[in-house]
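So, here come the structures, one by one.
One chain, chain A, appears in both complexes that follow, with chain B as partner in the first and chain C in the second.
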Partner chain A sequence: MAVPATDKNSARFLRVPRLALKHREAVEAWLFVSPILTGFLIFFLGPLIAVFFYSMTEWNLLTQQAAFVGMENYADALSRNPDFWHVVRNSLIFAAGLVPLNMALALTLALALSRPFFGVVFFRAVFFAPVVTSAVAWAIVWKFLLQNEAGAVNQILAVVGIDGPNWLREPDWAMAAVIVTRVIKMVGLNMILYIAALQTIPRDYEEAARLEGASNWQIFRMVIWPLLAPTTLIIMVITTIGSFKVFDHIYLMTGGGPENGTLVLAFYIYEQGFKFFNVGYASALAMIMFVVVMVLTIVQLMLRRKDMQ
Partner chain B sequence: MTSLTLSNLEKRFGNVEIIRGVDLTIKDGEFVVFVGPSGCGKSTLLRMIAGLEDITKGSLYIGDRLINDVQAAKRGVAMVFQSYALYPHLNVRDNMGFGLKVRKVPVEERQRRVKEAAAALKLEALLDRYPRELSGGQRQRVAIGRAIVGNPQVFLFDEPLSNLDAELRVHMRSEIASLHKRLGNTMIYVTHDQIEAMTLADKIVVLHDGRIEQIGTPRELYTRPGNLFVAQFIGSPKMNIMPAAAITLKPAGREVGTGAAHSIGMRPEHLSVVAPGEGMLRGKVVISEYTGAASLLHVALDNDETCLVTHDGPAPAADTEVGLEIAIENLHFFDREGNAIDGKAIAEPAPLP
Partner chain C sequence: MTLTVRQIRTLNRICWTISLLVVAIPFVFPFLWMISSGFKSATEIFGQPSLIPRVWRWQNFVEVFEYQPFARQYFNSLYIALAVTALTLVFSSLAGYALARMRFAGAGLLMLFLISALMVPEEVTIIPNFFLIRWMGLMDTHSPLILLPVFGPHGVMATFLMRQYFLALPKELEEAGKMDGLSRLGIWWRIALPMSRPALAAVAIITFLFSWNLFLEPLVFLSSLELFTLPLALSNFTDAYGLPLWHLQLAATSLAVVPILGVYLIAQRQIIESFALSGVKG
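And now, the complex of A and B:
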């Protein structure tokens, strides 16, 4: 009789602690992820659901009256309100200008600053400094620099005989000016990402290519650039998303003008929600922006995967 | 003519002198191995020949052409890197054809040459694979294939086998040897593995601290090392070195002096175990390591030195007293500066008066 009892005991010894350990590991795992999970639920998923809900209401913030209108706000934006497509067009122009310019400049700087030379840290710091500068200060300073006649930019241009435009007051120039100042502000971040990626590429590849007769350009095009592809994709995604979300520069430098020439989606959403208090409509616009950005990201990731295969 | 002449070659990185005046002639078709411990400058010397490092001083000729300032790609050399340096985004075919593509060789010829090299290295089945899909040995072969395709005058190998496991290393070693036989090109091979050096080389260049310690055939380096460093570097397990004063030489039973010799070298494989009291040395076995083919005995000598002995047959147990014998002709004599001196004059007993 003693034998089965021992078996039973040993079985319990074997099984119970193992289950308990598994359980304990699971609890620990959840504890570790709980801070980020809590943050995600409260600050991301919660508001997202709320905005989706608001987007189906006609809600005036001033009168605090809300009425369920279904997909009316979406229909308004997509088919009835001509402003919406103008704003989308502006956002696309902004992204189309900013993303390639930012990436090309970031890569050029990274190629120049990825190898050690005297003063390299100084130059990296110089180009990265705007990233950590207050966006408000940056925008205000550039607004001064880009003033019509008193602005430093036009005064410098005048020295070489160029009569600079009134950058932020002329519809054709305002968008370009905002894009360029934004690029200068943010290019450091992408530069650092590219430098990090370049430093992971073994010197051997370049040396092997050089021994085989490749020129600098061939080494870049046939070896370095393909190996940078994963980084390029990440940079493209985050820069595109960032460009769709641009708000501070527009708010501080042009206020969406002149003649709505720089009225981009994020700023338009702000105006609708907090200037005209059309919370429902603004929420619908925000949902549309969310979907557009998500689709763009998915498309870019799919292209990359196809490229990898 | 693809001989190479290195004349008083020097390399400095800032204040650090890496190569301190190297003179060397490599004949057409020769297989030369640079060997030496880590940091001796052997890879730097190879990279200087490749054109990947500038030459600080001295001159470097390939054939009759001074190539100090010739671009790497125009020197007619190809290099196999330790890391293989296969481009991860290109398949085997494109990796091998890369050099031809950048040199704008027509597609048909490119394909033909890649195919030929692939056939020579048994890589045909792998042409569409990517480097990540290949084993270490296959990657190594692709790297060699890439070098062959360019039809270089001189092949440079920078520790090409050090990332492979022991078995594969032996196999690839023989492949490289047969490749040299087939192509007949001049090859320069860098390694820190003296077995690789011994088995592959027509000529070994032993480097130490940026200088050449000795140049010679594998047999010369083994049988007549020029100094203490080479004596201990070539041969495994390494040569035992004893102070000459601690040893009594008794060739043919007669005692002779050690002359100008300051130290004496004995290779473990040349020592044999005899009964205690017999032989030139006497000591106690401390450890006996069984290595399969033989045993490696660590013998503590009466003069407080430890001596390694390669011993065939049943090994004496630890703490056994043993005598050690060695043939006079297998002794190596070195002077106070560590340079080899001719042992004959010393070890040959003076004629009886």
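And now, the complex of A and C:
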């Protein structure tokens, strides 16, 4: 193995044998990473292993009884508990609504705001502002705005003659409301990532295409969109994973209701674990969430790699 | 009538600006409505809607502090966020430096190990962490709200962000420091850290906001009102039937959101860049 010149130089300077120096460097390095590594093992890896074992127990905190049941909790979720598939369906609808809407809006805003013009800083600041706002505050305000008759949204709709639905009390409308308000909250982040990517595309490409007589749409479709592909994939990973993690937004706006219409996976885990104290079942759900998120990440990382080759 | 290219461009620009203004409505309106409703009385809130309150009820902002120990809760959020930020800065830059600059056996494995953390949402580990914290006797204290963010996926993300930045720094100054007999710790503190102010600022900003906005952990670990953090306190302005006391809730929410928005408006370029950096690297 080649030893870099720097190591040699410093070794000569310090008059310490090379091996000892290398050894010392390793010890120091482990000391440097030890705080984060220790905490990581205690508060992250340990719990991750624990949750796997919990998931194989029938353990209710109220009755204080725990028993090993093997794969029963998973069987419960997958085949016996109708709630589970309802939750899966809701989570998929949530993701299927949120991800495309978020990405399309983010890209459109980024295309409009990637070049300097009067007001560009103002608009970027506006579209990004909900990102720095707490999800709790955002959800509280939107819950207020989306009330049936007293809500500002329906009052505004009434002005133009539309009789707005009782947004948060009807399952389908509640899901739509939660998705849209979440998109408004988070779209600024993806917009910024797209703007950063757009700014790395040389103007020459576009100029050249324009000289050849390409229309705006053709330039976007043939030049910009392909060059954005890596960014689009990264954004898709982040946004999809984020959509499965959404908790506070649902907790405050709908509480999973009405009629479990917005009961999504993260909220279901919380409810089973901390409201009904079904530790075993909730842990099995957590493991399922873990696998889903991991598979998603790996699949998309592989896509990304293929794309880059 | 034919338009010149210049006129078409101006027209185009105006159309874009108007469309952007329309799209901006749902991004701005909630903030305006929140602040305005915070000044309204409970009855006015449900009366004829108007953006400007008919009667400015400053009393709301006094009642917010009487209803709950809101000042205490505000302070809790602030000091927890500062503690999380400080610890994250130290630990992530230490580990990030080692991963970027030092050669040691197991570094690759360690990286892989840490990367896996980025794939696991906090919701997955919250149940065992609940038992762990209870076993440690730290229920209903602020310790878990500091420990979990610092050592969880967010801390790992910060570590990678720092590592990425250290990798891009020129090595020469550090070599010179070594020649001058600085220890590794000295090089990290006196040379590497001062050169990575932009990365440290980015980590500080996203970490502060991450802690400030944390909700699941306070919800699970806290039960005493005077220990609540802001997000938990905000969700708690309800009457005896659990229905929201909108005028107080919105006044309190305004108090929680407006200072952050103020700082954001002043430093928006820096803040937006921080998120861009963490989004790309994390």
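Structural remarks
Criterion: the second predicted complex is superposed on the first by the 273 of 309 C-alpha atoms of A that agree within 3 Å, B and C clash if a C-alpha of one lies under 4 Å from a C-alpha of the other, contacts with A are read in each partner's own complex, and residues count from 1 in each chain.
Keep this in mind: a residue touches a chain if its C-beta (ideal position, glycine included) is under 8 Å from a C-beta of that chain, and two chains touch if they have at least 3 such contacts.
On a predicted model such as this, the values are computed, not experimentally measured, just so you know.
Following the overlay on chain A, a side-by-side fit with no clash is recorded for the pair chain B and chain C.
Of the two partner chains placed by superposition, A:281 touches none, neither chain B nor chain C.
Once the two complexes are overlaid on the shared chain, A:290 sits against chain C while remaining clear of chain B. When the two complexes are overlaid on their common chain A, residue A:59 makes contact with neither chain B nor chain C. In the superposed model, C is the one of chain B and chain C that contacts more residues of chain A.
Of the two partner chains, chain B is the only one that A:205 touches; chain C does not reach it. The gap separating chain B from chain C in the superposed three-chain model is 7 Å, by closest C-alpha atoms. Those residues of chain C lying in contact with chain A across their complex are 13, 16-17, 19-20, 23-24, 26-31, 33-34, 37, 45-46, 49, 90-92, 94-95, 97-99, 102-105, 107, 110, 114, 117-132, 147-148, 150-153, 155-156, 159, 171, 175, 178-179, 184, 188, 209, 212-213, 215-216, 219-220, 230-232, 234-235, 244, 246, 249-250, 253, 256-257, 260-261, 264-265, 268-269, 271-272, 275-276, 279-280. By the touch criterion stated above, chain A contacts chain B in their complex at residues 202, 204-205, 207-215, 218, 222-223, 226-227, 229.
Put simply, chain A touches chain C in their complex at residues 6-7, 9-10, 13, 22, 25-26, 28-30, 32-33, 35-40, 42-44, 46-48, 50-51, 54, 109, 112-113, 117, 119, 121, 123-138, 140-145, 150, 152, 155, 184, 189, 192-193, 195-196, 234, 238, 241, 244-245, 247-248, 251-252, 266, 269-270, 273-274, 279, 282-283, 286-287, 289-290, 293-294, 297. Here chain B touches chain A in the complex through residues 50-52, 72-74, 77-79, 81, 83, 85, 87-89, 98-99, 101-103, 146, 150, going by the rule given at the top.
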